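Take a look at the structure set out below.
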Amino acid sequence: MSEEQIKNLEAQFEARIARDEKIEPKDWMPEKYRKTHIRQMSQHAHSEIVGMLPEGNWITRAPSLRRKVALLAKVQDEAGHGLYLYSACETLGVSREELYEQLHSGKAKYSSIFNYPTITWADMGAIGWLVDGAAIINQVPLCNTSYGPYARAMVRVCKEESFHQRQGYEIMIKLANGTPEQKEMAQDALNRWWWPSLMMLGPTDAESIHTEQSMKWKLKRKSNDDLRQQFIDQTVPQAELIGLTIPDPDLKWNEEKGVYDFGEINWDEFWQVVKGHGPMNKERMKARVDAWEEGQWVRDAAMAYAEKKRIRTEKKAV
Amino acid sequence: MSEEQIKNLEAQFEARIARDEKIEPKDWMPEKYRKTHIRQMSQHAHSEIVGMLPEGNWITRAPSLRRKVALLAKVQDEAGHGLYLYSACETLGVSREELYEQLHSGKAKYSSIFNYPTITWADMGAIGWLVDGAAIINQVPLCNTSYGPYARAMVRVCKEESFHQRQGYEIMIKLANGTPEQKEMAQDALNRWWWPSLMMLGPTDAESIHTEQSMKWKLKRKSNDDLRQQFIDQTVPQAELIGLTIPDPDLKWNEEKGVYDFGEINWDEFWQVVKGHGPMNKERMKARVDAWEEGQWVRDAAMAYAEKKRIRTEKKAV
Amino acid sequence: MNNNLYKYILGIADNSLILGQRLGELTGHGPSLETDIACTNMSLDLFGQVRSYFQYAAKIAGDQRTEDDIAMLRKEREYINVLLVEQPNRNFAYTMARQFLFDVYHLLFLQELQKSKDLTLAAIANKSIKEVSYHLRFSSDWIKRLGDGTEESKAKMQDAIDGLWTYTDELFHQTEADKVMVQEGIGVDVTELKEAYYEKVNAVLEEATLEIPESKWFQKGGKQGIHTEHLGYLLAELQYMQRAYPNMEW
Amino acid sequence: MNNNLYKYILGIADNSLILGQRLGELTGHGPSLETDIACTNMSLDLFGQVRSYFQYAAKIAGDQRTEDDIAMLRKEREYINVLLVEQPNRNFAYTMARQFLFDVYHLLFLQELQKSKDLTLAAIANKSIKEVSYHLRFSSDWIKRLGDGTEESKAKMQDAIDGLWTYTDELFHQTEADKVMVQEGIGVDVTELKEAYYEKVNAVLEEATLEIPESKWFQKGGKQGIHTEHLGYLLAELQYMQRAYPNMEW
C-alpha cells in the first residue's frame, strides 16, 4: 500500500471511531491501534489472573461457609474475566501462550495492587470494596471503547465487578459492626489498602503517557486525576457510613470545589512496586510461573490426546 | 581355610560368647553372625529413623512450648540412635548408603508400629508410654548382647528410651487428669495404640523364626510371648493408676499364674502391616525416599566441597 | 434429636466438605485457566451442597449449632469423611484421579439418595445430581486425556490411580448410623453400589488405556474418624478463623 | 506493666519462635541424618530461648498470661518477627541461607544484649550466645559447601541468597519500643550492627564463591506486624491445639 492509501484508511478509521462505530477484528486498523490494544487488554487480563492469588490465599481459611462460597465464586469470576480478555486479545492475532510468555518474563505488566499481601480476612473486604471499586471506575468508560470485543467483554466484566464491590463492602459492614477485634481488623485493612487503591487510578496526569491517543480511541475518557477524585468522593462517605476512618490526615471536604481534598500520594512507593520491588512481586510471579511450568505435562497430554482422537476419527471416516 | 579350621574357629567363637566375652569388629566371626547382626541392627536403625516421622508430625502443632521442646528433643534422640546403630552396622562392613538402599527398596524392614498414623496430640503420649515401653522390653536384654558395638549402643539407647517412656506416660497422666475432652483423647489413643504395641513384641513363639540361634548369640534372651507378658503385666497397672481402660474385654488378672490373661491378637492385621499394607506404609516410605532423593544434590555438594578442600590443602603442603 | 440421622448427614456432607477444601487449595494454581475454573467450580458446587446438608443437620440438632459450627468446630476425630477425599493434591493427576474415584461413587449415591423417604435429603440429592454429573464428565475426560496422552502423563495417572485405589473400598462400608437409616428407608445401602462402581471405574480406566490395579488391600478408618495424617493440617486451615475469633459473625 | 519492655522482648523472641517453627517442620526430612539432627537441634535451642524470653515477658505483663498464651494466642498482626525468619523451607539452600542471614545478625545482637542493664535479658543473651555461635558455624559451613560445591548447589545457593537478601535490611530497623529501650540502656541499637553484619556476611559469601547481591531494594513490615502471606499458614499450625482446646493444661 502506498503512504497515500494508508493515510486514507487511517482517516476513515478515525472517522468511524469519532462516529462511535465499533472496530471489529476483521476491520483494517493502524498497527499502533492493534499494539496499544494488545498491551492494554493483556495487561487487564494479566491483572485478573494475578489478582486471583491474593484472594485465593483466603479460600481455605474463610471464616464461614457462606463467605467461602462467595469468595470461590468471586475468584472464579476473575478467572472468567481473564479468559474473555485473553480471547479478546487473540482476535488481534496474538496467542495466549505469547501473552503468558510476556507476563512470565516480566515484559507485560499487571495491576500493581496485587503485589501487596492479604494478611487478614478483612483484606477480602477491603479488596472488594476498594480495589474492585477503583477498577470499576477505571473500567466503566471502557464499555464504550472503540474496539468491539474489548467493549463487549467490559460490559460483562463491569457487571460482575459491581457485584464483587458490593460484596466486599458488605464484608466491611459486617466487620465494622462486629466485635472490637473485628472492627480493628476492618480499620487495619482500610489503612493498608487505601493508598495503594488510590495509586491504582494511575500516575498523576503530569506523569502519564499515552493519554491523548488513548482518549481519541476511547481507551480512556477521563484523566487519571479525575478518576482518582471520583473514587475518593465516592468512597469517603462509604467509610464514614460504617464508622471507619480514611488513613489520610489531610483529607477534608472542599466546600468550594464540591470534592474532597486529599494528602500527597507516595509515588516513590508506586514506582517501586511497578518496577518489581513490591512486597509480593516475586511471589506472585513465582506462583504464576510455577503453575505454568508444572502444568506443562498436563497441557502436552491434552494436546497429544486430542491429536490421537482426531486421527482415530479420520480413520473411522475413511 | 579348611573346613576343619573353620569348625575350630567357630567353636572358639561360640565359647567366647558363652563366657560372656564381647565380639569386636576385628574379631573373626561366622558369616551368619555378621549377616544376622547387620539385619537386626539395621532394622533397629531404620525403626529409629522411620519412627521420627509419626512424632515429627506433631512438632509444629505441640500444644505448649514445654511439650514442643520435649518432643523436638525426643525426635532428635531418635535420630541420634539411628546414627549410632548405623555406625554399629558399618563396623560389620556395610555402608550407610547400602542400608538406606535396602530400606528404600523395601528389602529391609522397620518396626511396623510406625505405619500407624498419629492423629491427635495424645498419640505423642501413647507412643512414648506404650511404644517406647515395648521397645525397652525388647532392648534392655540387648545391653548384654554378644556383639560389642551393638551392646554399647544399646546401653545409651535404653537410657534415653526410659526417659522418653516416662515423658510419654507423663503426657498421658496430664491428659487423663485433664478436662473430659483431654481424657477422651487419652483413652482414644490408648485404644488405637494398645494392640499394635502388643504386636511390637513380635509374632507368637510358634510363628517366630531365627529364635534359637539368636538366643545363643544373646541377640534374644526371652521369647516373644514372655516379653509380651512382661509388657502387659507392667502396663496394665499404669493404665489403671491414671483411670484409663485397656481396650481388651478379655483382660483379667490370673491369680494362679500371677499374670494378666489377655485377649487374642489380630495377627492378620500384623502380617498385613508387615507386608506393606498398613495405613501409613506408603507414606512413610515416600517421606524417607523423598528426603533422600531431594537431598542428593546437597550430599553431592558436600562431597565436592570436601574434595576441593583436600586438594587445596595438599597444594599448600607442597 | 435424631442422632442417627444427624450422623448420617455428616457422613455424606463431610466428604463434600473435605474434597471441596482440597479443590479450593488449587484456585489460581491450575495447569490452565480452564482447569483452574473447573476445579474452583467443583469446589463451589461441593460447598453449596455442604451448606444444604449442614443447615439441615443444624435443624435436626435443634440447639444453637449453626452450619459453620458443624463445619468448622469439630475435633479431628469427629470428621467422618472417607480417607479418599482428604488425600493431598500431589499433582494434577492425583487431583483428577481422586475426583474421578469419588465422582463415580458420588453420582451413584445421589441417584439412590433422591429416592429417600427423607424429603429434604431427596431434594438436596436431586439438586446435586446435575452438578455431580458434570464433575464426573470432567474428571473422566481427564482420566482419559492423561491416561491416553503422553508417556509421562500415562505414568503419572497410573501412579495416581495405583496410589488412591486403596481408598476406594471404604466408600462401600456401612456405619451403624448407615444401617439404621437404610432400614428406615432414608439412607442408601452403599454395599449395593459397589458392583456398579467398579464396573464404571474399570470401563473408564480401560478406555484411558490404564491398568486396573490388582491390589486387594484396602484402607479404612475415615468413617470412624481415624484419618490419615493429612487431615489435621487441612483442619488447621479450615478452622483457623472460627477458632481464633470464636462466636463472631462474618 | 512496662509496655515498651514487653514489646521489646516480643520483638526479640518472635524471631526465634518463628524460625524455630520453620526448622521444626524439617525434622525427619533432612538431606542427611546429620543435617536433620542439626536443624532439629537449632530448633530446640531457639524454642529454649523463646521460653526464657516469654516467661520473662509473662512476668512483666503481670496478669494471667503464660508463655504459651504469648506464643500461641496472638493474632496475625501481633507477631512482630522480621520477614526473613518466616520465609518457607523451599529447599535446603533456602533453609541454610535463611539461617545464615539470621545467625550473623543474631550473634551480633546477643553480644550487645548481654551488656543490657536488664539483667534477665543479659543473662538470656549470655546463655544463648554459645548456642547461636554454633548455629552460625553450622550455617556458614553450609553456605560454603553449597556455594563452592557443585554447579547445581552453587546455583541453588545463589538463588536462595538473592531471594532472601531483600529481607536483610529490616533486621536493622528500629521500632518505637526499640528506641525507648536503647535510651534506657536496656535495648541494643540495631542500627549500629549493620556495618559489621554486611562485612561478615559478605566475607562468608566471598569465601563461598558466591556473588553479593547488588539490589538496594528491601522489604519491611514484619516489625509492624505486616507479614508475608506465609506467616498465616504457619500460625494456623502453631496455634492449632491452643485454639481448638482452649484453657487446658498439657
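As written, the chain order gives the labels A, B, C and D, with residue 1 at the start of each chain.
One rule holds in what follows: contacts are C-beta pairs under 8 Å (C-beta built on N, C-alpha and C of every residue); 3 or more make two chains touch, one makes a residue touch a chain.
Please read these numbers as outputs of a predicted model, since none were measured by experiment.
A.B. asks: Using the touch definition from the top, list the chains contacting both subunit A and subunit D.
C.D. replies: C
A.B. asks: With respect to inter-chain C-beta contacts, which pair, B-D or B-C, contains the greater number?
C.D. replies: B-D
A.B. asks: Averaging only over C-alpha atoms, locate the centres of subunit A and subunit B and give their separation in whole Å.
C.D. replies: Using C-alpha averages as centres, the distance is 58 Å.
A.B. asks: Using the average of all C-alpha atoms in each chain as its centre, how far is it in Å between subunit A and subunit C?
C.D. replies: Between these chains, centre-to-centre, one finds 35 Å.
A.B. asks: By residue number and range, which residues of subunit D touch two or more other chains?
C.D. replies: 75, 232, 236-237, 240
A.B. asks: Could you list which residues of subunit A touch at least two other chains?
C.D. replies: Those would be 61, 181.
A.B. asks: Once the touch criterion is applied, which pairs of chains come out as touching?
C.D. replies: According to the stated criterion, the contacting chain pairs are A-C, A-D, B-C, B-D, C-D.
A.B. asks: Touching subunit D in the complex: which residues of subunit A?
C.D. replies: Of all residues in subunit A, those touching subunit D are 54, 57, 61, 117-120, 181, 188, 192, 272, 277, 279-280, 282-283.
A.B. asks: Provide the residue numbers of subunit D that touch subunit A in the complex, in ascending order.
C.D. replies: 75-77, 163, 166, 217, 219, 221, 226-229, 231-232, 236
A.B. asks: Give the list of subunit C residues in touch with subunit A in this complex.
C.D. replies: These residues of subunit C touch subunit A: 21, 24-25, 27-37, 40-41, 43-44, 47-48, 50-51, 54, 67-68, 71, 91-92, 144-146, 148-150, 152-153, 156, 234, 237-238, 240-242, 245, 248-250.
A.B. asks: Spell out the residues on subunit A that touch subunit C in their complex, using ranges where they run on.
C.D. replies: Residues in contact with subunit C: 49, 52-53, 56, 59-69, 72-73, 75-76, 79-80, 82-83, 86, 121, 171, 174-175, 178-179, 181-182, 287, 290-292, 294-305, 308.
A.B. asks: Which part of subunit D faces subunit C closely enough to touch in the complex?
C.D. replies: Those residues of subunit D that touch subunit C are 75, 232-233, 235-237, 239-240, 243-244.
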